[in-house]
Amino acid sequence: MSEIEFLNWVRGPGFQIAIIIFVAGVIIRFAEILLLGRKPNLAEAKGSEMRGGLCTIVSRSFPDKNTFQRSAFTEVSGWIFHGGLFITIFLFAPHILMFKDIIGFGWPALPTPVIDAMTVVTIIALLAILVHRINNRALRFISTKEDYFVWLITILPLITGYLAFHRIGMTAPTLLAIHILSVELLMVIFPFTKLMHAFTITLSRWYNGAISGYRGVES
Amino acid sequence: MSSSTVVQFNIQIGDELTFNVKPLLNEVKHALDKLIETGQSTVIDLRSIPLAPGEEEKILNVLGLGEVQARLDALGLSEVIETRYAGVWIVTHYNDDDHIISRFIEVTSMPEILCSQTEDIMAAYSRLGLTLNDEQKNNVEDS
Amino acid sequence: MINDSNRDKTLGETLREQGISRRSFLKFCATTASMMALSPAMIPKIAHALENARRPSVIWLSFQECTGCTESLTRAHTTTIESLIFDFISLDYHHTLQAASGHAAEQARETAMEENYGKYLLIVDGSIPMDNPGYSTIAGISNYDMLMDTAKGAAAIVAVGTCAAYGGIPHAKPNPTGAVSVGDLIKDKPIINVPGCPPIPVVITGTLMQFLTFGSLPELDHIGRPKAFYGKSIHDRCYRRPFYDKGLFAETFDDEGAKKGWCLYKLGCKGPTTYNACATTKWNDGTSFPIEAGHPCLGCSEPDFWDGGSFYKALSMPTENITRTVIYTAAGAAAAGVALGAMNRHKKNQAVATHNRTSIDDLKK
Amino acid sequence: MSASLEKGINALTQQVDSTVAAFFTSCVHCGMCAEACLFYTETGNPAATPIHKTEPLRRIWKSEYTLQGRIGKALGLTAKVDEALLSEWETLVYDNCTLCGRCSMVCPMGLDIALLIRKTREGMAAAGHAPEGLIGATTRAITIGSPMGVKLPALMAQIKHVEKDSGLKIPLDVEGAEYMLLLSSMEIMNFPEFISAIAKIFSKANVSWTISTQAFEATNSGIQIGVTDIAAELVQRIVDAAEKLKVKTVISPECGHAYMAIRWDGPNLIGKPFTFKVRHILEVLDELRKDGRLKITGKEKQRLTYHDPCQVSRRGGVIDQPRNLIDLFAENFVEMPDHGKMGWCCGAGGGVSSNERADEVRLKAFQRKKDQLDEIKPDAIISACSNCRINLEDGLEENNMEIPLLSLTETLAEHLAD
């Protein structure tokens, strides 16, 4: 297989396979969750489920002072790497083209050097997060193989993307193909690992806020 | 100078976009420095550097025209020009169709191609000898 | 072409005989260095090597090709300097260019092979059909047989054009002729790939000069291309690169961005994954190259460039119609999800149905 | 039929609904819940990380309700729930968790971890892995009517004392009364002043109320141990009494989980909405305040603080009312560093106080409250949960601190204008 053949494969059949697993997986996982249903609350309501739920979807990203102080590293690194992921994934011109090709519309991109810098920042944040996971007593204890595996699959596209952009180590088509392949790997495992939180976070935050909101507490 | 008749796009090249112009001119400056310090010449091949339309002209404009302009007729036309910066020369080779086939910036006291070459001098010597011989013969015959 | 008596003379001798001055020779060397993408510091070495180079025999074989490569080369052929190069070689067989035809033509090839066995340079353009030898023949000889036969006595082989180098367009899916490249068939000879559709003429002559000047193979990359020409990608040497870095792209062929000469990435430019010298050497005596003319790079000097989806789809886009895939998948997955959801509900209902009331007596084992 | 692993697994299987599935799907193991849990912060025991405590329920969800879990189960790859797991988790689920729900407030993914642990207890109890102390309390609640074994005659005796001391009549079994007051055994046995305080306030405010001799116990051990059937039975007793007396509102006393049990879980446990309202005593008092029916005199000069009972404040939504009421008599009120919905648990809720095995870890966890108190150095602590009160007194004594614990209702009663 020549490197362009490899690139053509990841852009063609490889992408098809990945998108099928990704889309099917996410829909199935959502169906599994939602169709389980939830009994209506028979207690007299003191507040609004909807209001509480919607509030919590937003407010959970901004913890109270004590919680922030106690988990400052987790909060800050989490913000940085999620922001970094968002920027590098959604605001890089070539990526936007990919989305545009699938969903039919695009949006403005950030200048490439900004993306480049954000990639480095995100990689550093993710490395720091791994060190934290290994060093923190509670975190190390609750971490499973999946946590480390997902970490790896998340950082891979960033590293391969950085290498592909700067053409380090291999030829450009191979680097680009490896980058796309690493993203496809991410798409394939996405629905079946904790990566699903990217979608279900709204659901679980809504439930949390709704449960509290019903009792008149803003959570 | 090249008189390209190709339709040019309205490409707007601000100074910030001519990403190879400044480095190249700096390289010329370094080469001059080297020439002063060590006497070593430098040749820069303009065709090995990615240049946007108009950028080559820009470089040539910056360097300008100096005191020397020479035309060579050797396998087609060649132009050797000393720029307004002494020691910086532009050597341009043309083909029969007057298309540029190569262009160099030479930083030297005298581009090699302007010097008479030893082989050519030797050939000239024998040729001149032959000519003189012929003339002598003719003169003898005439007289 | 120079007559046969010149064959054993060096280039220096030949030139002097023709009354070409040393100064002209120096000009020739400087242009050659530029053409070979060598540093001007190499000019004295080139002069010395050329001085002593002997006139080689060249056999040119054309297989499944469009003659574009030969066209490209002959465009580079009218100039004084380059004609010198062609005068210098003895092109003993090239069925498009030679005057001889029929048996005489084949005879010329066989003679050249015989007289220069082990020393001649073989140039090939076009790919070789392997499904059926009858797909492409010359004088009744299949391409495969002719290649294998001619390759035996060659000092080296230059595969000119993407077809000869990597199979090219005949090799594109579904590859109806079973086309393969020279390198697929010949493993025991040095092969220099000079891909491109067509290759830049100067790159062809530059590669030939490199081989003829130094008598050795140029440094090749991992897919057999001379690094001097194919060492950097179009993207890396593109004058529009600063626009890419700034995120300024032409969105269509006639928008403001296109007029301002912005990056053509979004219009499908394959520059980032294509290695060739177009951005510096340019075409038509250094006049321009596709990107300068406002068209994205097709990636023609890379293997399988024809199979990468639309030429006008950006590199970061999937090559297939993903929207359709997503819609079909979503429909299927929704059905599967409902089925799985029903299974989940059934599981839970079963658990509720089999629930035994827990009383205080049931709290201990 | 006795407890068994099979019953436990079945109970866990019943507990999974869309909230559970969404929660487990979203967890990223960020570890922030550990920092919100006093059983981790004060002990450093990583096993006390809240989300870790839900492992049995998570395994059931994964293997029974997810595609990849089902496939894994078929291939023998998905982790199972077995006796060893449940034995190991018993102390985590019962001794190292008060269901205070602080973790549920900080989880960045929005998991209601306390709810998940509450659901995990259903499986633990059904499988026979509930602690001795809680089984005892639950058994007494069902058989005697009170987890502490308080019978009606004991209540009657206390009422007699109260009536004698206060000179007020305690209305018993009054049909058509507006309010029906519930009491916790602790109040009956340890803090009968509460009953007289209520009698005083209500008589001054001219409130029609009663106590049912048929169902006076407010606490619900079924909730703490995690057996829905038992919890429902205990709730049903109160519902029957309230319906019989045709009261408009049932008052939950100063007890955290009792409020949770009757106010929020009650209708869901018995499977139908109540025909009456349920209010915490503080809500009732705050309503009286709003209506101007509380006449207060004299201000406390002491530096007072309020300890938020988790089930009343964070899990119950009664946060502003106690502060409104304290304002009536306190001149020098000071909040703890984290308070209201972010307050720290006393360390003994959720059945921990009934579970002698947890005494050691409970006192360790108390360090959190001690640190909070050290920071603000109050002269007295007001609370609205007898269980918190007892545990705080115990913890303060253990740490040689002398800060009196006050009941909000009682303190309010002391400041009533004559």
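General observations
Each chain gets a letter, A, B, C and D, in the order it is written, and its residues are counted from 1.
Here is the rule we use: contacts are C-beta pairs under 8 Å (C-beta built on N, C-alpha and C of every residue); 3 or more make two chains touch, one makes a residue touch a chain.
This one's a predicted model, so the numbers in the text were calculated from it and none came from an experiment.
Annotation of chain C and chain D: jointly contacted by A, touch as defined at the top.
Set against the Cα centre of chain A, the chain with the most distant centre is B.
A straight line joining the Cα centres of chain A and chain C is 40 Å long. Remark: chain A and chain B have CA centroids separated by 59 Å (rounded to whole angstrom). Rounded to a whole number, the gap between the C-alpha centres of chain A and chain D is 37 angstrom.
Inter-chain centre distance (chain B to chain D, centres taken as mean C-alpha positions): 94 Å. Annotation for chain A: residues 25, 28, 32, 34-37 touch two or more other chains. The residues of chain D that reach two or more other chains are 16-17, 65, 67, listed in rising order. For chain B, the set of residues that touch two or more other chains is empty.
Pairs of chains in mutual contact: A-C, A-D, B-C, C-D. Interface residues of chain C facing chain B in the complex, by the touch rule stated above, are 16, 20-24, 26-28, 30-31, 33-35, 37, 39-41, 43, 78-82, 84, 237-243, 259-261, 279-281, 285-288, 292, 294. Chain D makes touch with chain A in their complex at residues 16-23, 25-32, 34-36, 40-41, 44, 46-47, 49, 51-52, 65-68, 104-112, 115, 263-268, 271-274, 277-278, 313-317, 319, 337-338, 341-342. Those residues of chain C that touch chain A in the complex are listed here as 166, 221-223, 233, 235-236, 244-247, 249, 265-266, 272-273, 275, 299, 302-305, 307-309, 313-320, 322-323, 325-326, 329-330, 332-334, 336-338, 340-342, 344-345, 348. Every residue of chain B that touches chain C in the complex is listed here, in rising order: 4, 6, 9-12, 16-17, 19-20, 43-45, 47-53, 55, 72, 74-76, 78, 91, 93, 95-97, 99-102, 104, 112-113, 116-120, 123. Contact residues on chain D toward chain C in their complex (touch as defined above): 1-4, 7, 10-11, 13-14, 16-17, 64-65, 67, 125-126, 128, 130, 135, 138-139, 142-143, 225, 227-230.
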